[in-house]
Amino acid sequence: MTSGTLIALALIIPTAVAVLLPLFAGRPNVREAVTLIGTVLLFAVVLSLLASVLAGERPSLAVWTVVPGLSIAFAIEPLGMLFATIASGLWIANSVYSIGYMRAEQAPRQTLFYVCFAIAIASTMGIALAGNLFTLFLFYELLTISTYPLVTHRGTEEARNAGRLYLLMLLGASTILLLPAIAWTGIAAGTLDFGVGGILGGRVSDATLGILLALYVFGTAKAAVMPLHSWLPAAMVAPTPVSALLHAVAVVKAGVFTILKVIVYVFGVDTLAKAGTGDWLLYVAGITVIVASVMALRQDNLKRRLAYSTISQLSYVVLGAALFTPLAILGAALHIAAHAVSKITLFFAAGSVHVGAHVDDVSEMNGVGRRMPWTMGAFAVGSLSMIGVPPTVGFLGKWFMLLAAVGIGQWFAVGVIVISTLLNAGYFLPIVYRAFRRTGDGRPGVAEAPWPVVVPLVATAILTIVLFVWPTIPYDLADMLAGTSAAPVASDAATGGRQ
Amino acid sequence: MSDLIALAGDVVAHYNQWITVFLMVSGLYIVIARGNMVKKLVGLSLFQTSVYLLYISAGKILSGTAPIIDPHFTVYSHPLPHVLILTAIVVGIATMAVGLALVVRINEAYGTIEEDEIFKRDDDR
Amino acid sequence: MRLDVILRVVTKVILPFMLVFAIYVQFHGDYGPGGGFQAGVIAGATIILYALIYGLAPARRLVPAALVEAMIPLGVLIYAGVGVVGWLTGGNYLDYSHLAHDPVHGQEWGVFLVEAGVFVTVSATMVAIFYAFAGRGRR
Amino acid sequence: MGEQLPALQVVVPLIGALLVALVRRPTAAWLVTVVVSLAMPVISALLLVRVLNQGVISYHLGGWDPTIGIEYRVDIVNALILLLVSAVAAVIAPFARLSVLSEIAEGRIGWFYAMYLVSLAGLLGIAITGDAFNAFVFLEISSLSSYVLIAMGRDRRALVAAYQYLIMGTIGASFYVIGVGLLYIMTGTLNLNLIAERIVAVESFRPVLAALAFITVGISLKLALFPLHVWLPNAYAYAPSVVTTFLAATATKVAIYLFARFVFSVFGAGFVFADLPVTPILVALSVAAIFGAGTVAVFQSDVKRMFAYSSVGQVGYITLGLALATTTGVTGGLVHLLNHAMIKATIFMGLGAVFFRVGRIEFQDIAGIGRRMPITMGAVAIAGLSLIGVPGTAGFVSKWYLVVASLEVGWWWLAFLIVLSTMITVVYVGRLIEWAWFREPSRQVATVEEAPIEMLAPICLLAAATIYFGIDTYLTAGLAERAANALLSGLR
């Protein structure tokens, strides 16, 4: 199979799952089997793409030109590959988990749920593998729309309001800010294709670079950089699997992925570092990290606390990108991977507590850990990773960003990372403490959740540790990315960036 | 003074257009100002009539005859405007018929043909 | 049905002349003011006058509504059909030049037929409009 | 036979209408309508191919020379419009049978189809003719039949709506014909092409300016340019579903074509946009339409009325593109004309299917309908997304052109307004989606079934088209760009 076919397959498989599912709406077992087969096939396809990328290839696939200047094309580079691998791998775990969770909850309209989920994954693949800004934008919007029914899934007043906020904020920011930014880029640079070293270097003034960066950063509301963050806590009304895969991995990572990708492949790290008009991003991201952490401290609802934690962690990635040095880019890319596996573990655990103990609030979690040791054990591992304690993968990304910040003497960033680490510990460790050290009020019916719920969360927890010990694949990909954004390569950007 | 006389002459010489303008404006005024649906249609008809005059008077040549070829005459009025206005009159009649038919139906459905009362009855529902 | 004898008698007398006048206007259209529109209206007016004097029901017996409703499209169909004949004889749509042996006669024939169609439609339309309004509210 | 295509385009539906009026049996009438409607796109597609291969087609009606006779003149612009109108008619015809049976009294069905075909013939006539007065006649033919069609609507409010439309439409048509009369007085011809040739010599005279004003206002009434749109919402909301679909997709579009024809081909873009301050006025009105009508749409309780207001707003996008008078701008306007026709046809047909099943179309009455009629509402949702301008759908292509066009002329604020206005669309489309899926079904809705297949097929076909034309834009953007260049280059 050629790599072009593989790229096509990566999009077709989840789409096919979405198309097939309604046919088996009446037979849940067949329906779930279709989903699981789809997840495994997709992961296999992504892995074979991964192998060729690690071997130094850069597969691409030009699909279609919509209008002159706007074409649908895919081109794989390390960052996208990393994102695709994470998303498709965790889809397997999440599907198993969804089956357990949704059945335990006896949730309505499960077919719609799985269909939208599959479309969301297809869109995520499209974002990860996009070869130009238009393709990225196309799938970015598709992701918003396909996840809207998932947010509103419960159909309650609260869910509808959250859905409205979600749709207006994400679609609004992307059409009002991101779309003009893309059009502007297209007119200024003459192309929308991602180019190594950026496509805007030397084409626009420094001030314009700063404005464009702002349009991109705030247009990508999925990255939840303040003040465009409030959709994420609201979206927590969705069923837990949605929060776990989409609002900890796919959707929000699509946001920071877009920002990172735009900084590396549209602006060029060097261009921005020289221009100096993008430095404000560092402060915005830093403030988001701290403020979101403080807000997380004050949340009693477990999922909302996790959501604020996600906002804070996402801005770590933006912070890393905003340092505009290759080492920090490496750290940011690694942190995307690290946060994905850790946060999905935490959400899985939260859902498991909801199913097993019928508890949603931190204040009611006393003693839950003793009845649900697997769940809360995994939660503890995830928490440590979020704080950045070895031997968990969360340490790696923070470490490289810290190194980069110290390296260029950016003490604000250093301060942000240190303070937020303390805050992270402040809002995660009490949960673990309550769960294990305090005795519960002996409520009956608290037991470990069904195995399809527990197995995935244990698996992701183990992955959190494994990736620390053996981080080769994410590290290599991140290193390749950092390599392409390093200074020497940027010199041939003038030729490499054009078509 | 002579300028004024010339101007007055100009005004009088275009009397056909003044009539057109007068009919047009008064027709439009009736359409806008009257609430009675039949009166509105009358105004509309007046308005359309002004258009007929505009065309016909443009086609008329002073001392020209009907455009039938005859060795005794050399000056003919332009026939095309007449043809056009014949069509326009037919269109006008059709409009009037449809309009009046609608008014009859409205009267049956609402029991009135005053616009404000009709709106009030719809709001009440 | 009141005893307006004079009107009834006069109407009876005048009706044939009105119809003849309609036909005169129809055929004189080639040489002077006249044609299908005017003739159609006059012909329609005879039926309307009849209905005004003798009542709607007798008029409907004389000229049934179904006939009127069929005549409206029929007249236009004659018009359109003449146009189609222009096609079939090798010209453009509504090109009458090929209807007869030479273009001038062809045009004459074409206009004659078209005017006949106009007559049918206009007279029927007049009567139909009258029926529609007059018949309202009596059912 | 190829030479006779322009005449066939108008004569076939006209004769079809006459046959229907003679027969008047519901099923037979419908069959004739279907046959005629399916023949239309074939003819217009052949015309388009001929235009693409051979250039402008000129057809002399009755063999008369254009100086005195009527000329049908087809270039790429109206070939595209003809194809649009006839394609929409072809898609609606199969859908119509059940919808008409349920909404129109049986005795009137024959007349309904006759009027429908007359209206179709009139619209095609406006698009194809090259004669200013002939365009007026066709305008009135299509308008008069649409008054009748609207009056057959669901309740007595349809009568008032039809009456208001009649008053406004007649004033508009009379304004148009006054303008044409002034042009005729100044140039001595009614042929659009000849007027365009001769107007250059007299364009500084006041009657020409007056003619431009009368014609612009007259046609603006017909195309429902804000603030001359007041007739449209009620007319669309209370008309029978089939009529709403047909008019929303074609009537305003043909009027916009006529507007573009006069402004660009007859008066000339240089005269109208460079010498006169038309661009700022038209841009201001368009933006007002987009925001004003969009905002009003948000607060409607009747779904059809909501989308009727949305139509007023969407017309604003089209006139906005035309007002910019650049290749990209006019392309954007024309593309949106085509796309919006498809989108609104899908939406109103979908709502027609819902009305067929539920019998009402207010938000409260159709709560939860998406769960009972998933395919119908899915298609409506796709069209709604296209209306928003989500990438990958047809609506995005037009919005992209408009944004790029306004950036190209340096009006970044206009680009910003365009994308900002998208949010209003998100709100009202989102509102429908929310009511349709995320509310518990109302009592009427709980028992309804999915629409029958003969309604579903046309709806799904059009919904698929709104996606297809978001990906493959040759037929829309590609041809629209050529049409824009043809318009901007003046004489055809």
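Before moving on, here are some points about what is shown:
Each chain gets a letter, A, B, C and D, in the order it is written, and its residues are counted from 1.
Methods note: contacts are C-beta pairs under 8 Å (C-beta built on N, C-alpha and C of every residue); 3 or more make two chains touch, one makes a residue touch a chain.
All values reported here derive from a predicted model rather than from experimental measurement.
Chain closest to the overall centre, judged by the mean of its C-alpha atoms against the mean of all protein C-alpha atoms: D.
Just to note, of C-D and B-C, the chains joined by more C-beta pairs in contact are C-D.
Chain D has its Cα centroid 36 Å from the Cα centroid of chain C. With centres set at the average Cα position, the gap from chain A to chain B is 69 Å. Remark: chain B and chain C have CA centroids separated by 26 Å (rounded to whole angstrom).
Note on chain placement: the centre of chain A and the centre of chain C lie 79 Å apart, centres being C-alpha means.
Those chain pairs judged to touch are A-D, B-C, B-D, C-D.
Chain contact summary for the complex, chain A toward chain D: residues 64, 66-67, 70, 72, 109, 134, 137-138, 141-142, 145, 149, 152, 155, 159-160, 163-164, 167-168, 171-172, 175-176, 179-180, 183-184, 186-187. Across the interface of their complex, chain B is touched by residues 31-33, 37, 129, 132-133, 136-137 of chain C.
Within the complex, the chain B residues that touch chain D are 24, 28, 31, 37, 40, 44, 47-48, 51, 54-55, 58, 80-81, 84, 87-88, 91, 94-95, 98-99, 102-103, 105-106, 109-110, 118, 122.
Remark: chain D residues 68, 133, 136-137, 140, 144, 147-148, 151, 156-157, 159-160, 162-163, 166-167, 170-171, 173-174, 177-178, 181-182, 184-185, 190 touch chain B in the complex. Across the interface of their complex, chain C is touched by residues 66, 68, 86, 90, 97, 100-101, 104, 108 of chain B.
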